[in-house]
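Structures for review follow.
Two complexes follow with subunit A in common, the first pairing it with subunit B and the second with subunit C.
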Partner chain A sequence: MAKHETPLLDQLESGPWPSFVSDLKQEAESRAKNEKGIEYQIPQDVCEDILGVLELSYKHGRTHWKHGGIVGVFGYGGGVIGRYCDQPKMFPGVAHFHTMRVNQPAGKFYTTDYLKKICDLWEFRGSGVTNMHGSTGDIILLGTTTPQLEEIFHELTHNMDQDLGGSGSNLRTPADCIGAARCEYACYDTQALCYDLTQEYQDELHRPAFPYKFKFKFDGCPNCCVASIARSDMSFIGTWRDNIRIDQETVKAYIGGEIAPNAGAHSGRDWGAFDIQKEVNDLCPTGCMYMDGDKLVIDDKECTRCMHCINVMPQALRIGEDRGLSILVGAKAPILDGAQMGSLLVPFIKVEEPYDEIKEVIEAIWDWWMEEGKNRERLGELIKRQGFQKLLEATNIKAIPQHVQEPRHNPYIFWKEDEVEGGWDRDINKFRKDHLR
Partner chain B sequence: MAFISSGYNPDKPMENRITDIGPRKYDEFYPEVIRNNKGKWKYHEILKPGVLVHVSETGDKVFTVRCGGARLMSVTHIREICDIADKHCGGHVRFTTRNNIEFMVDSQDKLDPLVKDLEGRKFDGGSFKFPIGGTGAGVTNIIHTQGWIHCHTPATDASGPVKATMDTLFEEFQDHRMPAHVRVSLACCLNMCGAVHCSDIAILGYHRKPPILDHEYLDKMCEIPLAVAACPTAAIKPAKVEFNGQTLNSVAVKNERCMFCGNCYTMCPSMPLADTEGDGIVLMVGGKVSNRISTPKFSKVVVAFIPNEAPRWEQTTSTIKRIIDTYSNDAKKYERIGEWAERIGWERFFDKCELDFSHHLIDDFRDPAYYTWRQTSQFKF
Partner chain C sequence: MDRDEAKKAIVETLEKKAKTKSKFYLKDFYKMVPDEKPRAVKNIVNEMVGEGTLEYWSSGSTTMIGLAGTGKQAAAEDED
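This part shows the complex of A and B:
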C-alpha cells in the first residue's frame, strides 16, 4: 500500500516511453523491502514522499520546492544545490532534499563497477534517485540531507577517486561529445582536452570567483552534438583547413545506389533513388562541389566545412588531415538580453598537449571578464556591452574578416588617438592662423 | 536509523581531506574495442533505427544499441542497466548528451541477443524500460530540466510533459521517416537550464503573473538590495508599506515591467510567482545547433501560451504532433524544421500548421526585436 495516493501520476505509467513514475515506485518498493538490510542514512520512505509532493504539484499546478539556502562541503563554493520542501510536515522524507553534482567522466563512458559503487553510495546516503545526466553534464544525485553532504563527499573522494562538479558563479563542469572515441568526424580528441582543462581549472570549478557562471563545451566537428555553439561561454569546435578526402570509387557506389546515403538515416521512407546533384552538390552552402564526368570535385578553398556532404556520404568523404579547432565565445540562453550564439574568436588552433595556446586564450578572457564583468553578467553580454574590439584587445587577437558575418552598417568608428596621425592635441592658435574667428 | 560515519571528522574537516581531484579519467572506462580504435574510425552506418555500426581502419567494428531513457533514474534502474552491460557488453555502458543509454558490443553475433534482451524489459506499469531508437532522421530523446520534481522556479513540470510528449512521438523515436533530425527540448522556466533556445521544438515553462509580495516577512527573510538587484528589467524598488499599523521595509514591483523570470524569487522567498492559471507552456520551433547546410538558428515562439494540463498535457502534445506531422509531409529531404519554415515563409508555416498568430508573437524585447520585423515588400498572401 503506497504511503500517498497518486492518481494523477499513475496516469504517467501507461504509454510506451519509459515511465519515471514506475521507476520511482520501484525504488520506493525496494527501500520499503530493504532486502539487503541497509542502514539507510536518510528516511527510508523518501521516494514515497517524492511521489507525494509531485502529486501535490500535479494537483496544484505549482512547485513545492523552496530555494536552497547555503549548504555545501567545506572549502567548495559549488557542487551542492540546497533544496527544501515547502510542506515538510506532509512530506518529512523530503523536507531536506539537496542535490549533489558529481563530475561525469568525459564522453560519459562508464564501467558497471563504477556505476554500482555510485548506486550503493546513493542508496545508503541519499534518495536513490538520480539524473543521468544533468543539462550541463554532471551525474546528478537528487536528494539528501545536510549531515550527509560531507559524508558523501568523503566517500566519493576517498573511495571512488571522484570529485564534485560546478555550480554557482564558477566554471561549470565541462562537457564534450563522444569525439574520436567512436566518431569518424572528430577533428580532435574532445575527451583529452575536456579532461585536461577540467583538471587544470579545478580551483575555478570549485571556488566561485567569477561574475557569473562560465561554461566550456567541446564539439569534435561542426555537427555540434553537444550544442557548444549555443550554450557555452567558450565553445571548442573541431575543424580542418586542408582538403576533404575523397574516395572516388565509393562516390560511384553511392551514385549507383549500392550504399544508403546519410549512413541509412533516412531508411524509414522512400525518398527515391539517391541523386548526388540534388542531395549534395545543390545543397552545398558555398556551391563548391560539382561533377566532372563521374568524378566528384570539391573546390576546398571555398568550402566552409558545414559537414553536409560528409554526413551524406561518410564512406566516400572524410574530414581533412590538418585538423584543429575553432573557438567561439559568448553563447548563452536568453536570460537576460536575449539568447546569444557563440561568436567566432579563433578560427583555427592546433590541439596539442599541453594545450598552452588554448589556455592562453582562456586566461586572457577570464582576466578581462573578471576585471570588467558586472555581477551576473555572462561573457557574451560583456562582449556586447563593451564591443567585440575589446575582446580582441583583451586576447591580443588581430581583427580578420572571418570575425564578422558582414562589416558594420554604420560609420561610427571609435577611433583611438594613437590611430590618428598627430594625435588629438592641437593648438587652437595655430588653427586660427588659417581660420579666422 | 543510526548515523554511520564515512570516516569524516567534523571537528577536523581538513584532516585527510582530498579535494580538487576532478572527474575520473575517461579512458579508464573505455570498452576494449573503443580503446583499440580511438581516432581510427573510418565510417558508420545505422543498421536500423537505434542500432549503429562503426567501422575502424583496423577492420574492427563496434555495434551500438541506443535506448531512450527518462533522465530521472533510480539506482534500481541503473543497476539493471549494469546487469545488461555485464551480460552483453563486458561491463561497459555509456550515456549520450540527450540522455540516451548506449550499449556497445564488438561483434554482430552479440547484437541480436542484446536487442532482444532490451526489447523484452518493461516496467510494472507497462512502459518500455529500454526502447531502442533515437538515431538518424527521427525524433530522439528530449533533453530537459527538473520541473516540479526538484526546482524552485518552474512554471511547468519537466519529466511529466517529456513522458507525455515522447509517448505521442514514440513511433518517430523508433523510425527514420522525418526529412531530417528533429530535436525536442524542454526547459521548465525561461532561465533555461536546459538551453532549449536552439531546438527544432522547444517546450518552455512560462509564468504570466508577477511575484506576490509577502510584505509581513519580506524584510525578515530577504536582503532587499539583493532582490532589487536580481531583477533584469529593474522592475523592483525598495518600498515602505503599511502592515497592521506598522511601517515595514519591503519592495514594490512595477508589474508591467516584469518578464516573469523568477530571479527575484531565487534571491527572496517572499516573492513567489507560481500560479495555477498563470503558469503554462510556450512552444518555440525552428532552432538548430548544427552548422550543416545553414548556420545555427534560434528557436522562434509560435505558441504564446498553453495551460498546464497535468498529467498528460494534451494540448501541448497534440500541437507538437501537428507541427511535426506538417513538417514531415511538407519539407524536403535534409531540411530541418527551421530551414523548412524559412523556405516556405513563417506566414505559410502558421497556415499549414493551423496555428493562430497574435501580437504576443511579435518581438518587442530590446534591440534584436527590430531585426525580426518584415523589412521588405516580399511576403505571401
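This part shows the complex of A and C:
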C-alpha cells in the first residue's frame, strides 16, 4: 500500500497522456523492491514522500517547497539549487531535496551507456527522479541531500567527463541544436561554437558574474529548433549571404508529385496534389518567389531566410554557400514587461575559429551590462531601459537599417551632434530666409 | 587599492551592515571597491568565497553573497 493516500494526484493518471504521477509511483515501487540491491544513500521512500507533499500542495493550493540555500560544491557558485520541504516531519524523505543541474552534452547526443550510468548514479545517490531536460537544456537531477553533492560531483567529473551546469546569476549552460552533425540546414558548426564558448567562459558559468542570469543558445539555421531567438539573452542563428541553391529538375519532380513535400512529414492525411504556387510561392513572407514558365525564380535580395521553401522542398532548394550567423540579443521570459524576442544586433558574421570576433561582441555586452544593469535586470530589459543605441555604442557597432524592425515602429537610433554637419547650431536668420514662421 | 585592501574593505562593509543585512547582490560589492572595474570586483569576491570568507546563497535564479555563516538562512536550513 502507498505510504500516503493521493486521490487528487491519482486523477492526473486518468487522462490520455503519459503521467508523471505514474512515473513517480513506478520509481517508488522500484525503490521499495530494490531488486538490484542498491545501497540507497538518501531515504528509500523519497518518491513516496514526493507524492505525499505534492498531494498536500494540491489540497492546500499552495507549495510546500522552500527553495534557495547555501548548498553547492566547492569552488562552484552554481549548478546546485537548495530545496527544502516545509513539512519535514510529515515527509522526512524530502526534507532536503536539492536539485543538481548537469551540463548536457552538446546537441543532446547520448550513448545508452552514458544514460544508464547517470541513472545508476542518481538511483544510488539521489531520488532517481530526473527532468530530461530543464528549460535551459541541462539534465536536471531532482532531489538529494547535502552530503551527497560532493560525491556526485566527483563521480560526474572524474568518471563520466561531465560538469555541472549554470544557475543563479551565472552564465547558464549554453545549449545548441544538433547542427552540422546531422542536419543539412546547419549554416555553421553549432556544437563547435557551443563547446568553445562553454570552455572559454568556465568562470562565468560556474561563479556568479552578472546582475542576473545570462543565456547563450545556438541554432544552426533560421528554423531555430532551439528557439534561441525567444529563449536566450544572446542568440546565434545560422544564416547565409548568397543565394538559395535551386535544382530546377528536382523542383519539377516536386511539382510532378515524384517527391513528397516536407520530406513526407505530413503524409498522415491526403492533402491532394502538391501545389507549388499555393504551398510555397504564396506563403513566402516577402513574396520573392515566382514561377517563370516551369522555372522557379527567387529574388534573393528580398529573402528573409524564413526557411519555408527549403523546408517544403529540401531536395530542390538548399541553403547558400557563404554561411555564417546572425547575433540577436535580449530575449527573455515574462517577469518584467512581458516576454521579449531577441533584437538583431549583428546581421552576419563569419564563424571561424578561434571565434575572436564573436567573443569581442560578447565581452563588450557583458562589460556594459555588468556596469549599467540593475540587480536582477536581464539584458533585454537594460536594452529597453537605456535604448538599443546605447548597446550599439557599447559594442562599437554602427547603426544599420537591419536594426530597425520596421519604419516608424522602433526609431530608437538617433543622430548625435557630432555626426551631423554643423552640429545643432544654426543661423536662425539664414534659416528663416527660406522657411517662414 | 590593492587586492588585500579591497578584501579588507569588503569585510569591513559587510560587518558594518551585518545587523540589518546579511546577503548582498554582486553589484553591491562594486561600490565597496570603487576603483576597480566590475569584472575585477567579481574576481575578488569569487576568490573570497574560495578562501571561505564569503559564501554564496542562491535561490536558483539569483545569487547573493554574504559573510560565511551569517544570516538566518544558514541556521534555518538545518544544514552544516
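To be clear about the criterion, the second predicted complex is superposed on the first by the 400 of 437 C-alpha atoms of A that agree within 3 Å, B and C clash if a C-alpha of one lies under 4 Å from a C-alpha of the other, contacts with A are read in each partner's own complex, and residues count from 1 in each chain.
The rule is short, and it goes like this: contacts are C-beta pairs under 8 Å (C-beta built on N, C-alpha and C of every residue); 3 or more make two chains touch, one makes a residue touch a chain.
None of these values were measured; they are calculated from a predicted model.
Judged by the touch definition given at the top, the superposed model places A:Lys295 against neither subunit B nor subunit C. Applying the stated contact rule after C-alpha superposition, one finds that A:Thr99 touches each of subunit B and subunit C. When subunit B and subunit C are set side by side, the one touching more residues of subunit A is B.
Applying the stated contact rule after C-alpha superposition, one finds that A:Lys213 touches subunit C and leaves subunit B untouched. Looking at the shared chain after the overlay, A:Gly168 reaches subunit C, while subunit B stays out of its contact range. By the document's definition of touching, neither partner reaches A:Arg432: not subunit B, not subunit C.
Touch criterion met: A:Gly75 reaches subunit B and subunit C at once. Using the contact criterion defined above for the overlaid structures, shared-chain residue A:Asp113 touches subunit B, although it does not reach subunit C.
Legend: residue contacts after superposition of the two complexes on their common chain; A:Arg385 is shown touching neither subunit B nor subunit C.
After overlaying the two complexes on the shared chain, residue contacts for A:Asn375 are found with subunit B and with subunit C alike.
Common to the subunit B-facing and subunit C-facing surfaces of subunit A are residues 67-68, 75, 99, 203, 375. Put simply, subunit A touches subunit C in their complex at residues 67-72, 75, 77-78, 80-82, 84, 96, 99, 146, 167-170, 203, 207-213, 366-367, 370-371, 373-376. Subunit C makes touch with subunit A in their complex at residues 25-28, 37-39, 42, 46, 49-50, 55-63, 65, 73-74, 77-80.
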